[in-house]
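Before anything else, here is the set of structures, which you'll find just below.
Shared between the two complexes below is chain A, which pairs with chain B and chain C, respectively.
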Partner chain A sequence: MSTATGASQAAVASRRPRFRAQRHALLGMPLAGLMLVGYVLPLVLVLGVSLGDGTGQRPFASGLSIAKYVAQFQSPYVWRVIVFTLVVSAAIAVFNALLAYPMALFLARSRSRWRGLAFLVSFTPLAVGMNMLTIGWLIMLGKTGVINAVLQGLGITNEPVSLVYGVTAVAIGLVHVSFTFMLLPIESVLRGIDPLLERAARSLGASPARAFATVTLPLSLEGVAAGMLIVFMQSCGAFVIPLFLGGTGTVMLPVAIWEQMTVANDWPAGAVLAITLTALALAVLAIQLRFFNPLRGAGQP
Partner chain B sequence: MKVSRRSFMAGAAAAGALATRPSLVMAQDKTLIVTSLGGRWEQSIRTHFAPLFTKRTGYEVKIVSGGPAQWTAQIEGQPSNPPLNAVDNSELLAQSLMDKGLVLKLTPELVPNLKDVPAQFYEPWDSFGVSYQYGASGVFFNKTKITQAPQSWPEFLERAGKGEFGRNVTLPDISYAWTPELVWHLASTMGGSLDNLDPAFEALRKVKPYITKFWATAIEAERLALSREADIGWLWDGRVYAMMDSGAQFLDFRRLKPTSLFSLVPAQVVKTDKSAVAFEWVNTLLDPAPLLDYYKTIQYTPTNRKVVFPEASAARIMPASEGVIPNLRGLAKVTPSIIERWNAEIRG
Partner chain C sequence: MNVPGLQLARVSKIFGSSVAVDRLDLDIAEGEFISLLGPSGCGKTTTLMMVAGFEDVSEGSIRIRGRHVENLAPEHRRIGMMFQAYALFPHMNVAANVGYGLKMRGVAKVEREARVKRALAMVHMEAFADRSPRSLSGGQQQRIALARALVVEPDILLLDEPFSALDRELREELQHEVRRLQQELGITTVFVTHDQEEALLMSDRVAVMCAGRVEQCAAPAELYARPATPFVARFIGRGTLTEAAVLEAGANHCRLSCLGREVQVPRPLPVAAQKTANVFFRPEDATLRTSPEGAGAGLSFEARLEAVYFHGASSLAELAIIPSGERAFVDCTALSRHAALTTGETFTVDVPADRIHLVPLKP
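Then we have the complex of A and B:
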């Protein structure tokens, strides 16, 4: 009897993790379904279009060919756009990290009464949205904009200064719109770091700067990496800001995709660039997961 | 204008022959899905054309806002069951739908108002589309700054290229769907052609240092004009007149010699089980009464000869004989090379 009971308990115990795993899998089903329909399937269709010759009415309708990939990657202009997109996006991520870190530290550590207001202000780019933010910067930076009016009003310049329609304006817009996405991961990680660790370092003789550099900063790099990844990917996919704040030399990949599809009516070429953009984003994501994956090692002793 | 029973029956017969399941026509819901650009275009379609159409046919109109590239992709993506019944297309994409056999031919029997429209507004698409309005290209200018506006395209480009207007000139970028047509048009006014676009690119290279912004959308061009960031630039007449009528007193518009480029919007009937009703939709788009209201809102000129314009705006209207469009098939062939040259010579 006792043997039978023991066997039954062992069977139940062995089934428990499986039930838990199934329950967890069920919880993930809605998101998995959404990703499948909203991301994987469209991606496969876009891939199909990129491998077509444009004569078919549907993806995979015509024969598969890599001719469009070859043609696009033979174009110096396309390479220039790809490199520009990557360099600008990386620069935005780095610059944003430098800007957001002190603010995140303040939000995570300070007990100031201004903390709530600072949180609110840091959320304004999300609340306003990319289009309004772009228009706002056009009003600020334009030839007849606020900054030029102030410069001329103070007699600093006689003529309007060109502040918009170039890489600087694009960078300002992208930094602004993605600031919150950099701030939140860093603030979240910083908040999770026990301040006693830094205090322990200081009690052992480290200066405040050294304690920060050797304890807090390394522990918060995971948040910085997550923020940089989000900002990088968001900048790579930016369309409105490069289009309206940029000029002739600031074409980024999404704008090039738009041109291929709406002006050249060359959907396969546009799809090639879209696949390239996706591949670049996934490659950066893979690098981030390889080196900064917070789940890596979770559950291990 | 009322639809005669004969024309309606002819349309029904044509559509019935094409429909794979004619028995389902009667079972369909009474909604016709059409397209429009956003903003005041959508507003005009909804308030001026849709009520008349509903009154005539009993069908409600559902308007899908967006742009020709999106609509054409939707139709081409589901050729056996297109999600749109009629589409307002771009000049080039209209040919794409026509070549793929996804739209139907318009005839005076199916679309009676077609007989009052000059052939130049449907011949480019072999009657598989008809433009119910046209815009004409010209230059807007800030008349407080530019007292002597150019008279011709070569003069405009020459003066702009010499820096006479300062760095206050604006032109469309290659992101704008009509820029390949513009390049052809500029070339053609200076002795070029679709086979020789050098005159246009040569002039544009000279103008480039004086461009405040190559704009990507016409709304952006309007913003550049209204904010006075640009003192002079290329744009369609209707958009400038609409800004002037909204209070921009410092603005003026001039069509330049020898010709203006047409902006046409071919309306097309998509092959669906509601094609008979869609023919009537296109017929309504060509109807003089709503077209006049449309003109008052949009300021793009109706193509129906029977539209009687207010005397005050007669001077604004370009005679159809002064407008040109390129050979669309030829343009489609050279568009990739125009984009390539633009990227190398203007953006490079």
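Then we have the complex of A and C:
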């Protein structure tokens, strides 16, 4: 009898989590639907268009072909744009991490009364919005802008310095707009690290710098990696900032896509670049998950 | 000359306008296990953190093995520490955790590995060297934390309530383990706890703290038998504390008027020439009876039974003294075996005169 009870209990126990998992899957349905209609479907359409061989709004002149892929990847200009996009985005991710880490440490550890204000300030890029931010930097950096006025007013320069329409302006804009996305994951991971761990390290003979380098820093790298991934992808896909703050020498992939679609009126070529951008983003995501998987450990006891 | 393992001299800690630790004096012998016991906010943890170096000393001096440390950073004090929340490094395996302190001290890899192995064997965890701390139970994690603290051969071991997160059985096992290793290695140890049972069980001496001061620092048996202040009398174990008027104070005895009776106590007043004294006795030193007639030579009074606490091996009666209503605790193991103890009924409590302890009044 006891074995029968045990068996039925085991059956109940094994059924229950699965039932729960199914119910939890239902919670994901609205997002899954949205992703299907708003992301997967357009992606399939873009993929289709990229295989066309016509131009303009009639991409399919004579059936499917990979001619546009061949043409695009033979173009040195396209390669330059791809490399430039990756290098700039990676640099922005690294620079942003260096910039955000001390701030995140301050926000996570400080009991200062300025902490609330600092939090508020670090959220302003999100609150202002990307378009306002871009216009703001145009005004700041322009030939008749604030910075040039100050430089000339102080007599440091005699004539306006060209700050805008170059890689510096693009980088400033991208760092600014993505700063919060770097800050938050780092701050959240740092806040989750028990401050007692550094004390334990100190009691074992580690100096404050060494305790930080051997305990807090390695434990916070997961947050840094998450932030860098978000910022990298955001920079790769940025459009408004490189379009308005950049020049002809700083064309990034989204701008190149836009050029092909509207200026050159070549939809398949634009679609090829869009697929390339998506593939690059997914590749970086895959590499990241290989080394820092946020899901890892979630199922462990 | 015998240098104390730890010496606190007039150590104070002042936070803004509040005094957390007030001119604390404490001498701890080399190899001694001392507990800082007290309610939360009594300054015991602050004291430990000042010894560790995580809190600055506002005034006074701290010496570990004769070496002044009050201006040294924690990493230079040669301490070993255990925390309530284990504080193992989650990104390192067990061996790396234990070896961390040796690495910080620049011990070469080969020697480090040998010492880590020995330390793990000491706490019976040698099979877990490659495991992640997260995969271990609380008790196992605390064993690793103990090995990590001891492997560096510190001058002093500091324990910050290391057992309070563990359940009863594990706690007892680890208390035994820590005490055994502490005695084997002869390491001076300061143990902070709010659990008096564990303090009495483990320590050579217990310092009972209240409001930033040490009320009494004595061996557990002394502390239990002869509390030196009313606070200690109330804080340690169960007991009955009541005031008495001094009728006559002799060199070897005193005569008191207590709870409506005259009692001759065969010991002098703790503080001479006081008009009142604190009479104190333990539950096991008093007896309970139902009949009001006849009385022994000691203290005798009537009280109303409020509750009976059954502890298995013994039973404890809580009573309200008539008419004052003060609490009295009396062992009723024998009586409860052959009589029904009904709450609300009146009983007579007898305390032999030689079992009465006189607690000094607050100076």
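Criterion: the second predicted complex is superposed on the first by the 280 of 301 C-alpha atoms of A that agree within 3 Å, B and C clash if a C-alpha of one lies under 4 Å from a C-alpha of the other, contacts with A are read in each partner's own complex, and residues count from 1 in each chain.
The criterion applied here is as follows: a contact is a pair of C-beta atoms (placed from the backbone, for glycine too) under 8 Å apart; a residue touches a chain by one contact, two chains touch by 3 or more.
Remember, it's a predicted structure, so these values are computed and weren't measured experimentally.
Student: Is A:Thr248 touching anything from chain B or chain C once the two structures are fitted on A? First, second, both or neither.
Tutor: Once the two structures are laid over each other on A, A:Thr248 reaches chain B alone.
Student: Return first, second, both or neither, reflecting whether A:Asn131 touches chain B, chain C, both chains, or no partner chain.
Tutor: A:Asn131 sits against neither chain B nor chain C.
Student: A:Ser207 in the overlay: touching chain B, chain C, both, or neither? Say first, second, both or neither.
Tutor: Touch partner of A:Ser207: chain C, not chain B.
Student: Between chain B (first) and chain C (second), which does A:Asp194 come into contact with in this model arrangement: first, second, both, or neither?
Tutor: It touches chain C, and chain B stays clear.
Student: Which one hits more chain A residues, chain B or chain C?
Tutor: Tallying touched residues of chain A, the top partner is B.
Student: Does chain B (first) or chain C (second) touch A:Pro218, or do both, or does neither?
Tutor: second
Student: After lining up the shared chain so the two structures overlap, which partner does A:Thr157 touch, if you call chain B first and chain C second: first, second, both or neither?
Tutor: neither
Student: Pick one for A:Thr262: touches chain B only (first), chain C only (second), both, or neither.
Tutor: Touch partner of A:Thr262: chain B, not chain C.
Student: Check chain A for residues that touch chain B in one structure and chain C in the other, and list them.
Tutor: Common interface on chain A, chain B vs chain C: nothing in common.
Student: Touching residues of chain B toward chain A in the complex: what are they?
Tutor: Interface residues on chain B, with respect to chain A: 67, 69, 73, 76-77, 79, 92-93, 96, 100, 102, 167, 173-177, 179-180, 208, 211-214, 216, 220, 223, 227-229, 332, 335-336, 339-340, 343-344, 346-348.
Student: Applying the document's contact rule, which stretches of chain C touch chain A when the two form their complex?
Tutor: 52-54, 73-75, 79-81, 83, 85, 87-91, 100-101, 104-105, 134, 148-149, 152, 158
Student: Mind listing the chain A positions that touch chain B in their complex?
Tutor: 57-58, 75, 77, 138, 142-144, 162, 164-165, 243-244, 247-249, 251, 255, 258-259, 261-267
Student: So in the complex, the part of chain A that touches chain C is made up of which residues?
Tutor: Residues 194, 196-197, 199-208, 210, 214-215, 218-219, 300 of chain A touch chain C in their complex.
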